[in-house]
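Multiple structures are listed underneath, in structure tokens.
Shared between the two complexes below is subunit A, which pairs with subunit B and subunit C, respectively.
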Partner chain A sequence: MPATPPRAMQAMDLDAGRDQAFMDQVAHESGQDLKSCYQCGNCTAGCAYSHDYDIPVHQVMRLVQLGLKDAALSCRSIWLCATCQACTTRCPNNIQVATVMDVLRHMARRAGHAPERLVKTFADSFLASVARHGRVFEAGLAACFALKSGKPMQDAGLGPAMLSRGKLAFLPHEPGGSAKAEVAAIFERFAQGRHRAPATGTKAEDKA
Partner chain B sequence: MSLRLGYYPGCSQSGTAAEYDISTRACCRALGMELADVPNWTCCGSTPAHTVDHHLAGALAARNLLQAEKAGLERVVTPCPSCLAALKTADSHLADEAYKAGVEALLGRPAPGPVDCQSTLQALFEHIGPEGVKARVKRPLTGLRVATYYGCILNRPPGLMAFDDPENPVAMDRLLEACGATVVDFPFKTECCGAAFGMPRLDVMQRLSARILDMAESVGADVIAVACPLCQMNLDLRRGQVNAASGRDIRLPVPYFTQLMGLALGLPEAELCLPKLVLPLEPALAAAQQREAAGRAEAQARAAAKAAKNGTPRSEPVCKEDAPCA
Partner chain C sequence: MRIGVMVCHCGNNIAATVDCEAVAAAAREFPDVVYATDHMYACSDPGQKTIEQTIRDLKLDGVVVASCSPRMHEVTFRRAVERAGLNRYMFEMANIREHVAWISLDRKRNTQKATDLVRMAVEKLRVDRPLTPKSFDVQKRVLIVGGGVAGIQAALDCADGGLEVVLVEKKSSIGGIMSKLDKTFPTIDCSVCVLGPKMVDCGQNPRITLHTLSEVEDISGYVGNFEVKIRKRTTYVDWTKCTGCGACQEKCPSKKVPDAFNENVSLTTAINIPFPQAIPKRAAINAAHCIRLTKGKCGNCQKVCPTGAVDFEMTDEVVTEKVGAIIAATGIDLFDHTKLGEYGAGRYPDVVTSLAYERMLSASGPTAGHIKRPSDGKEPKTVAFISCVGSRDRSVDRPYCSGFCCMYTAKQAILTRDHIPNSRSYVFYMDIRANGKGYEEFVRRAQEEYGVEYVRGRVAHIYPKDGPDGVQMVVRGADTLLGRQVEIAADLVVLAVGAEASHGAPELAEKLRISYDHYGFFLESHPKLRPVETNTVGVFLAGACQGPKDIPASVAQASAAAGKVLALLSKDKLESDPQIALVQAIRCIGCGKCERTCPFGAIRMRELRDGSKRAEVVETVCQGCGICSVTCPVRAIQLQHFTDSQLLAEVNALCKTWDETIES
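This part shows the complex of A and B:
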């Protein structure tokens, strides 16, 4: 036996770069037992988006198990997951994999990552429309996204088919009563971070 | 006897998917299911809300559950799978006290108690059922070969949605069979169409929707019946984009299952809104009728030839299944 094994056979240092706080946070926010993933790959096998992912979903789960925060939060995959729930449905250990992907996306947003810029732009434009009108105003959303995306003509060809079939409303279909204001208030409280510490929300405000 | 259910239409159903809303209401009315709209409903948050924050998603959905609760509606049905997932997820997660406190902080008032939410497909299947539908069919869809496409989240995850089989759902199959249609074996019933990536990543949506269309064509379907406004938009309105990417020219129409059901129930044109479909349904209906007629003529000719050969004249054509074994 040689005194020094070839490099490929050297033991990996699994503690290197492990971020325990990140692992705990993903487990807490998703409510999932991440240790129970044994890397069978069933999630990746059934994932319609593996073709477009930079890291297949079972490997994203592995990155979380290894506590490799930056690698997990900076990947494109978490932005391309459509929450189709095939992974969650087929996980032999009942891990809600799609929920873990959702939580990673939340954390990536907070950390300022958005490698799929337009996916983030679409979600932001959608929610801005809801905050403003109480319901999604489809034509407004399409126009807003077209301007922000830098691809203004991508869906222009759909216009005639929509117009001739009365599928494009030019005015928002807003709810009555105080509904619109109630939705706007939900978004205002969210922007203030009231959901983060609901029990101590008033104290935090008092301090401010 | 009439059954009264709360109804949450959802945003798409007052715009790009108006025909889903109109045909759903018409079918429910014709089948004796009374729908009472959730008063002043607002957006459920859909996919964008839960991808941003779970408390925000919960609050946007819970506001509608509160509206239903205030109106005394114990059960809410919705035609849209994405709305259903948002409402059911909020309802389920509100059982967790810490989560509920976060949602209440955004709502600015107490969260609603449990509200039972279902798809209109589930309500039609459980309250009316295939037999109830069959009894009211006036114009059977005989010979129309339908691929039933449920989309990804109508039945998934099974622990939350708690209806039908998550891998091979059959509720729409049974209802359309009751309407006289022939439901073909379609392996992509729950595969994803590309969801809301049509705007931000058109290439991804094109690839995924092309797979669905290819499979439907290869199993010999005349139409793809859907239960989701986003699936319908990707497969119908965006068909030109999908065909352009795949280099195909697939013209299969994509009606909502409620439009097909309404047709079989003999509902008026105005309640079916067939002209709102980008790929017209009429050629598929005509092709199915022609095929049926040709099939009947062929069976009659075979029976006549057989009768002539056996020397026993028959006035009635014999179906192969009815003939005695040799």
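This part shows the complex of A and C:
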């Protein structure tokens, strides 16, 4: 599967490549009107990570506009996006471009694409740590990521300096009260596909 | 009463979904209908001939045509019945195209609805009464608001056609934005050289009265007889004495006044003449910066003035002008780029607007035609132009294309190369809009002959960076054709700021009682077929106040508006529409509610000999809106041709058909 649209010189069949269900899904999940993008390139112009992208962000938007699903979901850019929101801020058409990138990353994950394995590994390790402890346990996260990434010593040099400045604890410091349960509930809801909190929010319960 | 009915097929527009023959057949059964037929095109010449002939042959008293919207052809058919000897108001129109055929494909129900509408029209016609328009005298004078190139052209054309013209301009000289431009595209001719003669003509034409530094304060009246109050702001200089010698300007010690004519690139004096070709070439004092007016000292200008024209006691003056028609030509203002933080929000002196750059290019400008960086006065070697600043940008509520920025940017890039041959220009653009005569060729020349680099992509941000020759502005953009980020360290950045409606436009529109859009541009009566008319009779539009326009389009529209005014005021008398409010004095209780509610000031309270009051409609002022009619607590005011009994006749007809439908 090519990571970018076919670079070969033969003409691309726009009709055959067009995946309407994919286009609808991106629009639905991101809540953005992708047709309003007129390809001015301002997202790319302001992007802090363009230098590492395989496809610049305005062309990722173009792939979505044309419904070229595989090319969009298999690119590295959506994994390297830092969600800094510069693209969203600059877009003259008020498109939340960073949200679109985020949605594409989720879709790529579900479709089994992860060309930037380390980014996915880190995200998985981070979320696993939060799920277990209610907040991130840095030492555990570092150890977990080091093992899973296959480069166990890559960040080891940072350890002593962080320890001496109190940035790294040996034991997890879990949040008190009901906070840990609430974080667990978020993971529960996500697993069940309910992304939003139930109408009776936890804030009212806190007051009671 | 003898009524004839004609049901129009409108080709296939109506006949495709309405059984026109069946509608005509049903109409024959309606009371007083002695004749009903269907016709392929009622508005065609044979259609109108049939109507006229039938009126004569069958001695009809009234006609109903079931066809399109009255907005299309009511006038056509009224003229036809009039030619056959009927009063033009003994005619009713049933809209079975827009209201029936075009909105549903159900032939059976469409035919029923069309029949209902015809029945309503017939019932109204049975209680219609002949109405006669009155005629009134017109003022053969025209007010033009705005003294830019559009206002100037309209003034000259109207004056040439024999009208007296009152030209009102907010600034102290006429000329508008065009007088600030160095050259014009696509011919590169000197802007003020071609505008100057027209400005001089305006100043010298005995039929044109100039009111500069003036604004329209209030407008009352109606087509043919508007009364306009104009506030002439004080100049503190008696312009009947001032000769424009400029001695005052030389001696004025307040020399740090931002020069608005030069887009605040340079400074001027508190008393000044804005530019050498100003019309009228008269000095005016900027009160906020005058030492005498702010601190009570100085008075140098008064001492040196050879004609004794300076008068610190002068105050605003309000003059009243009577005119028969008005042309709005208020033009545009420019987008305020200080809203854009990513382009420096006005903090960087070497990021300038296109109009400021235009002043820098101009020989009469602050740098005498030499391009110099505002920060250090050095000649720039690399100039970056950024298109669509405040255009095609929904995030700043400016989704429209300003239309002319692509062209002036190409022009400025060419001029830059002319002024500094070893310079390099970059134009960041999204699309090039060059759809005028010779425009595309002009942009190609910029690229091919002058080597201007066009880069397709927006610019994300601009930031300063120390370079070997002082601070440069780094322009970070994208080349979407290449698919990568690009940047250029420029010595000077020119923002192609887009057009906005003139900032006082909505207030003026309310005084003129014309419509304006969300952005403040005035609305024409019809976007294609009535482009210079407004929905207020006697008020016309010229130039960019209706939407962004370049100079040729503004001038063309100005001449079009002048043509409309000349046609309107070529008549000695105008006819007033008799579809207006009428007071039945015997029912009026003199409560005055109608007077207070009338948006046109068309109702006066008249005092009778016994001291009681009665409302009275000024026929020429009433616009027939009907608000008074629904306000009147005793139903003493009736809108002619839309009286309660006429409207009820229609409602009853409709209810009757419903009854029949339910019974059957």
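By definition in this document, the second predicted complex is superposed on the first by the 171 of 208 C-alpha atoms of A that agree within 3 Å, B and C clash if a C-alpha of one lies under 4 Å from a C-alpha of the other, contacts with A are read in each partner's own complex, and residues count from 1 in each chain.
As a convention for this text, a residue touches a chain if its C-beta (ideal position, glycine included) is under 8 Å from a C-beta of that chain, and two chains touch if they have at least 3 such contacts.
None of the values given here were measured: they were computed from a predicted structure.
Q: Could you tell me whether subunit B and subunit C fit or clash when both sit on subunit A in the superposition?
A: Partners fit side by side after overlay.
Q: Is it subunit B or subunit C that touches the larger share of residues in subunit A?
A: Between subunit B and subunit C, B touches the greater number of residues in subunit A.
Q: Kindly classify A:50 by the partners it touches after superposition: subunit B alone (first), subunit C alone (second), both, or neither?
A: Touch status of A:50: second partner only.
Q: One more residue to check, A:38. First (subunit B), second (subunit C), both or neither?
A: In the superposition, A:38 touches subunit C alone.
Q: With both complexes overlaid on chain A, does A:160 touch subunit B (first), subunit C (second), both or neither?
A: neither
Q: A:86 contacts which: subunit B (first), subunit C (second), both, neither?
A: A:86 sits against subunit B and subunit C alike.
Q: Give one of first, second, both or neither to describe whether A:179 is in contact with subunit B, with subunit C, with both, or with none.
A: First partner only, subunit B.
Q: Using the touch definition from the top, say if A:58 reaches subunit B (first), subunit C (second), both or neither.
A: The second partner, subunit C, only.
Q: Looking at subunit B versus subunit C in the superposed three-chain picture, what is their shortest Cα distance in Å?
A: 5
Q: Which residues of subunit A are in contact with subunit B in one complex and with subunit C in the other?
A: 51, 86
Q: Within their complex, state which residues of subunit B touch subunit A.
A: Touching subunit A: residues 11-12, 14-16, 18, 39-43, 45-56, 59-60, 63, 67, 101-108, 152-153, 156-158, 166-167, 190-192, 194-202, 204, 207-208, 237-238, 240-241, 275-278 of subunit B.
Q: Write out the stretch or stretches of subunit C touching subunit A in their complex.
A: Touching subunit A: residues 342, 388, 392-396, 430, 456-461, 476-480, 483-485 of subunit C.
Q: Mind listing the subunit A positions that touch subunit B in their complex?
A: For subunit A paired with subunit B, touching residues are 29, 48-49, 51-52, 80, 82-86, 88-89, 96, 98, 102-103, 105-106, 109, 116, 118-119, 121-124, 126-127, 130, 134-136, 138-139, 142, 145, 149, 154-155, 157-158, 161-162, 165-169, 173, 175-180, 182-183, 185-187, 189-190, 194-196, 198-199, 201.
Q: Using the touch definition from the top, list the residues of subunit A that touch subunit C in their complex.
A: Subunit A residues touching subunit C: 36, 38-42, 44-47, 50-51, 55-56, 58-59, 86, 90-94.
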